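Each structure below appears as structure tokens.
What follows is a pair of complexes built around chain A, which joins chain B in one and chain C in the other.
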Partner chain A sequence: MHISEGVLDSRVIIGGYAAAAGLTALALSRVRQEEIPKIAVMGAAFFVSSLLHFKVGVTSVHLSLAGLVGIVLGLPSVLALLAGLLFQAVMFQHGGLSTLGVNTVIFAVPALLACLLYSGLGRLAGGRRVVRSLIAGAASALAVLVGAAIVLAVLRLSGEELTGIAYLFSLAHAALALVEGVVGFVVVQQILRVKPEMIPAGLLRRRS
Partner chain B sequence: MLMSIGAPSSWRLRRRAAAGILLLAALPVFGHGTEYEILAGGLVGVRAAFDTGLPMAEAPVLIFAPGESGPEQQTTTDRRGIVCFAPDRPGTWVLQIRAQGGHGMRINLEVDESMLPMGAERQEAALTAWQKLAMAACGVWGFLGTALFFRRRRRETR
Partner chain C sequence: MEIDRYADLRSPVHAWDPRFKVAAAFVLVLVSASVSSTGALAAAAGGALLLVLLSRLPVGFVVRILKAPLAILALMIPLLLFTAGGEALWSWGFLHLYRRGLLTAVQIAVKAVTVVLLFAGFFGTLRVQTALKALEDLKVPATLLAILMFTYRYIHLYLEQMGKLLTAARLRGYRLSRGLRHLGATAGVVVTLLVRSYEQSDRVATAMRLRGFQGSFPSLRRFQQNAADVVGSILAAAWVGLLLWLELR
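The block that comes next holds the complex of A and B.
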């Protein structure tokens, strides 16, 4: 889902940086020092996950874990994603420095959406662990699709013609969404079993 | 440096087709002889023409590396029937040119070490899997180190 250097038009790059800066500032204003270890650990998971590639037909996709990071961290997930993307770009040329802003938006928006969805529906589900985990899985899967949709929208905004490749890209991400849904379900189920207080109650609300 | 090589047998079967092989600066040669020259940059150029002298313009070309069954490169000739490529290893390179109406030709080009351009050694993958793994481990350690650092600070300030 990373957009590489040289693909986007300058207005989109600047817009992406502006949006990412806004999100980062918001996240920084809400983050507390005791949350930093959790952010760092999720950042590490996100950083590594992009190295795990899956072959889907002729293209390959990699795990993004954006939804899971969003559910576990809430708003500070922006920081974990930004740091992860920065190191992916610098170390593995996954994405790029000029597109760091756009890529942050591509991952952060689905992450925050997944968090909202999980906390909203999770509250309705009450304390039932399986239902909550299922919601987490669904939110993780949806995050992948939303991310893919943002990528296509950004490419379109940059004046790229969306052809067969775009459909292939969407199909590959539909397959990835299934994988991430399962990962989200399993991980959140484990967290709820072992340390339920790790998951925030909402995007801006913390568990007291 | 001009060299000539014998016409491959498949050529003789295609009476209507003849080829001239040249490297930008070389003289165009038509008929059943082929000539080619290696440019300073190690680019091999081939000009394909029918025996009427009409170039095989915009014809699809498959370029096979020595000993490979799948094409290394797919391209087309230009308006003048010229196609260029840069061999990266010695051996017999095969060019398969298909012109309209079922015409075409197959050209065997002998490339030896001296003809390879500088820096033509086959490029290794930029990073091996182990290097990537080591880099990923360092990256993860950076994140986890940050986590541990902040945990430690928190305990001390309590």
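The block that comes next holds the complex of A and C.
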């Protein structure tokens, strides 16, 4: 889902950095010091999971897990994703330094949406594990689609000639959305079984 | 692949004060990725090449860093050539090679290589930890910096853990390439990774509190700039100025 170097034009690069800076500042203003390790380990887990490539049809996709990071961390997920993306660019040249701002938006906005969806609907589901897992799965799948939609938008904004590529890219992500949905469902179901305090429903009010 | 494997060589770029170097890297990467006029693109590419030559990094290392971005370009450029629309240069049945696609492809390729060369020249010549320390002096918020430092440390830890988890799964007959059919097992690996890391973060938070963590990490390293660093920074500023002038002319 990363946008690599050289593709974006100046307005998108600068706009992406501005939006990412805003999100980062907002998240930083809400973070307490004892949350730092949790954010960092989630950032690292996000980084590592993105190395799990597998085949879907003719193309190969890798997990993004943006939705899951959002569901577990809430607003601070912006920081975890920023850190993960920065080191993906530094260590594997996956993404890039000039596109870091845009890429942060591409992952963070879907993560926050997934979190809102999960905490909003999850509260309605109460203690029913399967329902909450299904909501998490749907939120994870939706996160991928929203991310792909943002990619489509920034590619279109960067140049009309990129339209074809942008649509092909979105098509590939429809498949990934399905995979992420299933992974999100299974992962949340198992987490709720072994460590339910990790993802309480009503996460947005979790700041106690 | 460690970006800072050759951080201990000796060259003018290696010797540059990390604070100036990191600041210059960000500005130059952003400006070089933003320009679109032919003159500015050529100047940016030339400058990036000069930087890498000055840094005396081994050619093989730079090529390896270029590999991932080039692989993406190799995938994208053929698509771009045939989907860009506009005036067709060459047609064969329903396939049209577009002029605009060709121009955009060249521009994207030059820009991508330029930015990655800059990246290699700047970040291949200092340790990642040093770069993070430099960010502290550049007034990046302490909380963000702490998150970055922890993330960097845990990435290495989890790469190892992930290797072990995958080995264990493989011994039970799991194959990642099986994709969808083994999706449940892949999710299992992710769950283990997430739950373990979450539990570990609790322990780390406690340990930090016990040691009186105040929001930043004390470090013995102090940066000291000299005349050469200032000259280097003036050159970098002139380079940025030249690129902007060529772009906006």
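As a working rule, the second predicted complex is superposed on the first by the 189 of 208 C-alpha atoms of A that agree within 3 Å, B and C clash if a C-alpha of one lies under 4 Å from a C-alpha of the other, contacts with A are read in each partner's own complex, and residues count from 1 in each chain.
What we mean here is this: a contact is a pair of C-beta atoms (placed from the backbone, for glycine too) under 8 Å apart; a residue touches a chain by one contact, two chains touch by 3 or more.
Quick caveat: nothing in here was measured; it's all calculated off a predicted structure.
Chain B and chain C, once both complexes are superposed via chain A, clash.
Looking at the shared chain after the overlay, A:A83 reaches both chain B and chain C. More chain A residues lie in contact with C than with the other chain of the pair chain B and chain C.
Touch criterion met: A:V183 reaches chain C, while chain B stays clear of it.
Touch criterion not met for A:A18: it reaches neither chain B nor chain C.
After overlaying the two complexes on the shared chain, residue contacts for A:D9 are found with chain C alone; chain B is out of touch.
By the touch criterion defined above, A:V130 reaches neither chain B nor chain C. Once the two complexes are overlaid on the shared chain, A:L28 sits against chain C while remaining clear of chain B. In the overlay built on the shared chain, the residue A:M91 is in contact with chain B and with chain C.
In the superposed model, A:A153 lies in contact with neither chain B nor chain C.
In summary, superposing the two complexes on chain A brings one listed stretch of chain C into steric overlap with chain B, and the stretch in question is 204-212; the others among 24-32, 132-140 or 204-212 show no clashing C-alpha atoms. Counting contacts by the rule stated earlier, residues 33-34, 36-41, 43-44, 47-48, 51, 83, 87, 91-92 of chain A appear in both its interface with chain B and its interface with chain C.
Residues of chain B that touch chain A in their complex: 132, 135-136, 139-140, 142-144, 146-148, 150-151, 153-154. Taken in their complex, chain A has these residues touching chain C: 4-10, 13-14, 17, 24, 28, 31, 33-45, 47-49, 51-56, 63, 65, 68, 72, 79-80, 82-84, 86-87, 90-94, 96-99, 159-165, 168, 179, 182-183, 186-187, 190-191, 194-195, 198. Interface residues of chain A facing chain B in the complex, by the touch rule stated above, are 33-34, 36-41, 43-44, 47-48, 51, 83, 87, 91-92. Those residues of chain C that touch chain A in the shared complex are 1-3, 25-26, 29-30, 32-36, 65-69, 72-73, 76, 79-80, 82-86, 98, 100-101, 104, 107-116, 119, 123, 128, 141, 143-144, 146-155, 157-159, 161-162, 176-180, 182-184, 186-191, 193-195, 197-202, 204-205, 208-209, 213, 215.
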